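Paired with subunit B in one complex and with subunit C in the other, subunit A is shared by the two complexes that follow.
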Partner chain A sequence: MKTNDSGSGDVRLTGISKTYGAFTAVHPLDLTVPQGSFFALLGASGCGKTTTLRMIAGLEEPSSGTVHLGDQDVTALPPYKRPVNTVFQSYALFPHLDIFENVAFGLRRRGIKSVKKQVEDMLELVQLGEQARKKPHQLSGGQQQRVAVARALINHPKVLLLDEPLGALDLKLRRQMQLELKRIQTEVGITFVHVTHDQEEAMTMADTVAVMNGGRVEQLGSPADLYENPHTTFVANFLGTSNLIEAEVDSRSGDDIVLKAGGGKLVLPEARCSAPTTTGGKVLVGVRPEKITLTHADDAGEIPEGRNRITGKIADSSFIGVSTQYVIDSSVCPDFEVYAQNIDRDARLVPGADVVLHWSPGHTFGLDAAQDIDAGIQEEAAV
Partner chain B sequence: MATLTEAPPPLSPTAPATKPPRKRGRLTPYWLLLPGLLWLVVFFALPMIYQASTSVQTGSLEQGYKVTWHLATYWDALTEYWPQFLRSVLYAGAATVLCLVLGYPLAYLIAFRAGRWRNLIMILVIAPFFTSFLIRTLAWKTILADGGPVVGALNTLHVLDVTSWLGWTAGDRVLATPLAVVCGLTYNFLPFMVLPLYTSLERIDGRLHEAAGDLYAKPSTTFRRVTFPLSMPGVVSGTLLTFIPAAGDYVNAELLGSTDTRMIGNVIQTQFLRVLDYPTAAALSFILMAAILLMVTFYIRRSGTEDLV
Partner chain C sequence: MPFVNWLKRHFVVIAGLLTLAYLLLPNIVVTVFSFNKPKGRFNYEWQQFSTDAWKDPCGVAGLCGSLSLSLQIAVWATLGATLLGTMIAFALVRYRFRARGAVNSLIFLPMAMPEVVMAASLLTLFLNLGAQLGFWTILIAHIMFCLSFVVTAVKARVMSMDPRLEQAAQDLYAGPAQTFLRVTLPIAAPGIAAGALLAFALSFDDFIITNFNAGSTVTFPMFVWGSAQRGTPVQINVIGTTMFLVAVLLVLTSMIISSRRTRQKA
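Let's turn to the complex of A and B:
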C-alpha cells in the first residue's frame, strides 16, 4: 500500500489558531508532523487538541494560519476535497449501510467502480471479513472501531486523523486496539495524527507526542524524552507522576548545579535544567518516583556517596504486586512518591518508619519555579 | 495519578436466587392494559361490527333494515362510485407529494439551520391547529375567490392557462376546481408531514454529515446518500399521516370544490346524511378502509424502513 505522495507528505500547520467569540480554543500554533510518523496530540479535555485535528480535517475553519499537506495549501479546501480521512470519536458509522458499504463509501464517492477486492482486503486487514453484510449496530464496540479505521484507511489518505478513537472502549479492549492500530500504522505507513487524553495511550503508540494545555503546545518530543526531560510542571505532572521540590541555587561545580533544599543539598546536571539558574534564584527540582531508592534511616551509612538524598517518614504504603508505592512525608515536599520494585523488601519499611530517599543526580531535572507547581495534576486525576 | 491504580474487578457476590414473582405482580400488565382495551372495544370494535352488519342489510328507512347478507351492495357501490374512489386517491396522492415537497425543506431548515429560531418556527408550524379546521378551510375560499388577488396574479402570469389546459382549473376560476381541493388538502395536512420529518431529521447525528464530507461526499451527495436515507422513517410516517386522512377527507372537496371534484368522503357523507342509504354508506366505508390498508401495506413493504430505527 502506498500513498500518492507529491513531494514530501508532511503536515505543516503554520500560525494556525481558532477563536470562538472571545474564547481562544487554539493559540497560534506551528507544528510539523513528518510523513509516516505516528503523532499524538495529548492533553486534557478543552486543551484544543480536537480543534487542531478538526482544522487539519477541514471540519473547522482556522481563524488564522495555514494548513499544508506536503506542498499543497489545503486551508481553503472543504473536507471532501482534502486527501485526509478521520476516525471519529463515536465512529460515526452510517447506520443505514452495512459494513461493506460503509467501508466502500469513500471509494464510491471518488467514482471508483470495482470496489469489491479493495474492500475485502481492507476488511481482512482489520479482521472483519466475516462481518461484511452486517449493519453497524450488530457489531461490538471494538468491531465498530475497526470498521471506522478501515473506512478511513481504504482511501489511502495522506494523513489519518484519529479523534479519541479508543475512548468508548473498556480498558482491556483499549490496550488491544492500541497495539492493533500501531500494527496497522506500521503496515500501511500512513501518517497518523492521534488525539487522546490518555497519557499512557499516547506514550505506547506514538513516535512523537505534543502535549497541549490551554490551547498551546507545552512540549513536543518522543515519549521517553517527554517523560525524562519535562520542560514544564504541566508536562511533569500530566505524564506520569513527578516529585517537585522548591530549591535555591547555591553554587556550581563543573556541569552540575548545587541547590539548597530544606537543610540538605541536591545536585542537578545543568543540561537537564530548562530554567535560568542564577545563584540565589529559585528552581523546581523534579525526580520521577521510580528513580528513587528507599533506605531505612538506620542504614543511612550504607548509601553510596554522590547521591541526592532527602530524609522523611513513610506516611503511607500500598502494595501493587510488581511494586510498592510509598508516600513519604518530608520537610521539602509533603507528598513525596516513591515506587519501589518488589525485589528485596525491607520489612522495616512500614508507615511511620524514618527513611532516607536517595537517587542518582543524573535522574534529576530542573524546572522554572515561576510556574504553578501543581499544573497538570487535577486534569490527570479527573480522567 | 492513575498510572498504577487500576481497580481490581469487583468480587461479585453469588447472585441470590431470584424469588418467583408474586401472582398479583404478574397480572399488573393486564390491569394497565384494561382502560385502553375498553376504550378500543367501545369506540372502535363495536362501531366497526355495527357498521359491518349495516353494510350487509337491506330494507328502507320506513320499513327498517334487516341483515340479509346482501353482499351485492359492495359490488354495486364499487361500480357506481369508482370514479370518486379514484379521485380520492389522486387528490390525496397529489396533496401528499406537495406536502413532501414543501415540508421536507422546511423540516430540514428547522432541524439543521434554524438555530435559536427553531422553537419559533415549530410554533408557527403548529399554530394553525389553534383555529378550527373548518374556519381555516373557509379562509381558503376567500384566498382563492374569483377576481381575488391570487387568481388575478395567476392569471397575469398565465399560470391559469397552463393549469386549465391540464384540467386542474377551469377558465379563470380556481375555486371549485381540482386545484383548489388539492391546495386545501395540502394546506390542512402539511403539519402532519412536517412534524414526523422534523423528528427523524433532528435525530440524525451531525457527525454523520461530517463523516460523509470527510469521505469525499459533496454536500449534495451527503444529502442523497446519508441524510435522505436516514430520514426515510419520517418520510414514511409523514406520507401516511397525510395520505390516509386526506383520502377520506370531504371538507375540502365540499367547501373548495364542485360536484365534479367529489371525493369518496363526500359520497359517504351524502349517503349517510342525505340519501339515508346506510348499507351503501357502510359498504363504501369498508371499501375505502380496505383500499387504504392495502396501499399502505404495499408502501411500507416497498420502502423497507423496518430496520431503520
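Let's turn to the complex of A and C:
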C-alpha cells in the first residue's frame, strides 16, 4: 500500500480557532502533525478536540487560521476535495448499501471503475472478506468499526482522522481494536489523527499526544514525556494520578530548588519545574503514586540520604493484585496516594500505621500554583 | 370452566381476527356485489351471480371517463405534492430560517381545517380570481391538501436521519449533488414513498373539495355519488374491487421482495 506522493503529509494548523456566537470552542491554536505519525488529541468532552478534527476534515469552517496538508493550503476546500478521510464516532456507515459498496463508495465517487480487487484487498486487511454482501446493521459493533476504517483507508488519504472510533465498544473489544488500529497504521504508514477522551487509549496508541482542555492545547509530547513531566495540573491529573502539594520556595542549591511544605523540606530539580520560582513564592509540587516508597516509621533511619520525605499515617489500603494502593493522611495532604508493587510486603503497613513516604527528587515535578489544583480529575466512571 | 380458560388463552387472537373482519367486511361486500345481477337500478340486494359487469366495466356512460380523469389528477397531484412536500420537509429539518417555526405549524393547518369549509373557501377564491373551474382547479386544490401529509411523512424520516451520513459521503469525495442522489435520497425514500402513496389515495377518492371546485368536470367519486341518487351500476363495484386487488397485489409484491432480500443477505 502507498500513500499519496505529492508533497509531504504533514498536517499544519496555524492560528486556527472556532467560535459559535459567544462561545469559543477552539482558541487560536498552532499544531503540526508530522507525516506518518500516530497523533492523539486527548481531552474531556467539550474540550474542542472533535471540533479541531472536523476543521481538518473540512466539516467545520474555522473562524480564523489556516489548515495545510503538506504544502497545500486546504482551508477553503470543501471536505470532498480534501485528501483526508474520517472514521466517524458512530461509524456513519451507509445503511442502504452493503459492506462492499460502503467500502467502494470513495473510489466510485472519484470515478474509479474497477474497484473489485481493491475493495476485496481492503476487506481482507480488516478481516471482513466474508461479510462483503451484508448490510451494516447485520454486523457487530467491532465489525462495523472495521468497515468504517476500511471505507476511509481504501482512498489512501494523506491523513486519516479518527473521531472517538472505539467509544461505542466494550472494554475488551476496545483493547483489541487499539492494537488492530496500531497494526494497520504501521502497515499503511498513513498519518493518523485520533480523537479520544480515554487517556489510556491515547497513551497506548499514539506517538504524540496533545492534551486539550477548554479549547486549548495544554501540553504536547510523547506519552512518557507527558506522564513523567506534566506542565499543568490538568495534565498531571488527567493522565494517571498525581499527588499535588502546595509548597513555598525556600532556597536554591545548584540546579535544585529547595521547598518548604508542611514543616519539612522537599527538593525539586529546577529543570522539572514549569513555573516561575522566586524565593518565598508558591509552587505546586507533584509526584506520581508509584514513584513513592513507603517505610514504616520504626525503620525511618534506613532511608538513604537525599530523598524527599513526608511523614504520615496510613488511612486506607486496598490490595489489587499486582500492587497495593495506599491512602496516606500526611502532614502536607490528607489523601496522599501511594501505589506499592507487591514484592516483599511489610505486614506492619496496615491502616493506622505511622509511615514515612520517600522518593527520589528526580521524580518530583513543579507546577504553577496559580492553577486549580483539582483540574482534570476524572469521575471514576470514565474508564 | 374450560371454555372461559380457552377464551382467556386465545383472547388476543380472537380480538385480532374480529378487528380484521370489521376492517375487511366492507371490502368483501363490495367484491361480492360486483358479481350481482340486480333487478332494477339499485345494487343493494343480492339477486343472482353474474359476471356481466366484469365483462363490460365501461358499460355505463361516463364511468370510465371519470375514472381516467381521477387517475390523471391523482398522478399529477401526487407528483406535485411529493416534490414540493419533500423540499419543504428538508428545508424545515435542515435549515434555520426566519419564520421557520411559523411555517412548521402553518403547514399542518390544512389538516385541521374542516374539509367542507376549505372546499367552500377555495371555490370563493377561484371565483374571485376568475379561474375556469375544471381539471386545473381540482389539481391545484388536491396538491394543496396533500402537501401537509407528504411533509409530515417525509419530515419524520429526514429528522431521524443521522446528519453524519451526509458528512461521511462528503468526506468520501461526494459533492453536494452526489451526496443527495447517493445517500440522502435513498435513505429518505421510504418516507417519500409513504407520503406519495398517501397523497395518491387522498387525491383519488376526494369528494368534498373536488365537488365544490370541479365545475362541470366529473371525477370518479363524483360519478359514484351522482349515480347513487339515480341507481348504482354494478360496474362501480367492479372498479372498487379492482382498485382493492391492485393495492393488495402491490403490498404482497413489496413483502415478497423485501423478505427475499433479507433471506439473501442473511
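Things to note:
Convention: the second predicted complex is superposed on the first by the 377 of 383 C-alpha atoms of A that agree within 3 Å, B and C clash if a C-alpha of one lies under 4 Å from a C-alpha of the other, contacts with A are read in each partner's own complex, and residues count from 1 in each chain.
Rule of thumb we're sticking to: contacts are C-beta pairs under 8 Å (C-beta built on N, C-alpha and C of every residue); 3 or more make two chains touch, one makes a residue touch a chain.
In this text, all values refer to a predicted model and were calculated from it rather than measured experimentally.
Model built by superposing both complexes on subunit A: subunit B and subunit C clash.
Once the two complexes are laid over each other on the shared chain, residue contacts for A:Y339 go to subunit B alone; subunit C is not touched. In the superposition on chain A, contact is made by A:R133 with subunit C only, not with subunit B. When the shared chain is aligned, subunit B and subunit C each come close enough to touch A:R109.
Touch criterion met: A:N85 reaches subunit B and subunit C at once.
Which of subunit B and subunit C touches more residues of subunit A: that partner is B.
In the overlay built on the shared chain, the residue A:D98 is in contact with subunit C alone; subunit B does not reach it. In the superposition on chain A, A:Q325 makes contact with subunit B only, while subunit C stays out of contact range.
In the superposition on chain A, no contact is made by A:Q143 with either subunit B or subunit C.
Once the two complexes are overlaid on the shared chain, A:N229 sits clear of subunit B and of subunit C alike. Touch criterion not met for A:T295: it reaches neither subunit B nor subunit C. In the three-chain superposition, subunit C clashes with subunit B only at 44-52, the remaining stretches of 8-16, 44-52 or 152-160 being clear. Comparing which residues of subunit A touch subunit B with which touch subunit C, the overlap comprises 57-59, 78-81, 84-86, 88-90, 92-96, 105-106, 109-110, 135, 151-152, 155.
On the side of subunit B, the complex with subunit A involves touching residues 1-4, 6, 205, 207-208, 210-218, 221, 225-226, 229-230, 232, 307-309.
Within the complex, the subunit A residues that touch subunit C are 57-59, 78-81, 84-86, 88-90, 92-96, 98, 105-106, 109-110, 133-135, 138, 151-152, 155. Taken together, the subunit C residues at the contact with subunit A in this complex read 162, 164-165, 167-175, 178-179, 182-183, 186-187, 265-266. The part of subunit A that touches subunit B in the complex is made up of residues 57-59, 78-81, 84-86, 88-90, 92-96, 105-106, 109-110, 135, 137, 151-152, 155, 171, 200, 240-241, 320, 323, 325, 337, 339, 377, 380-381, 383.
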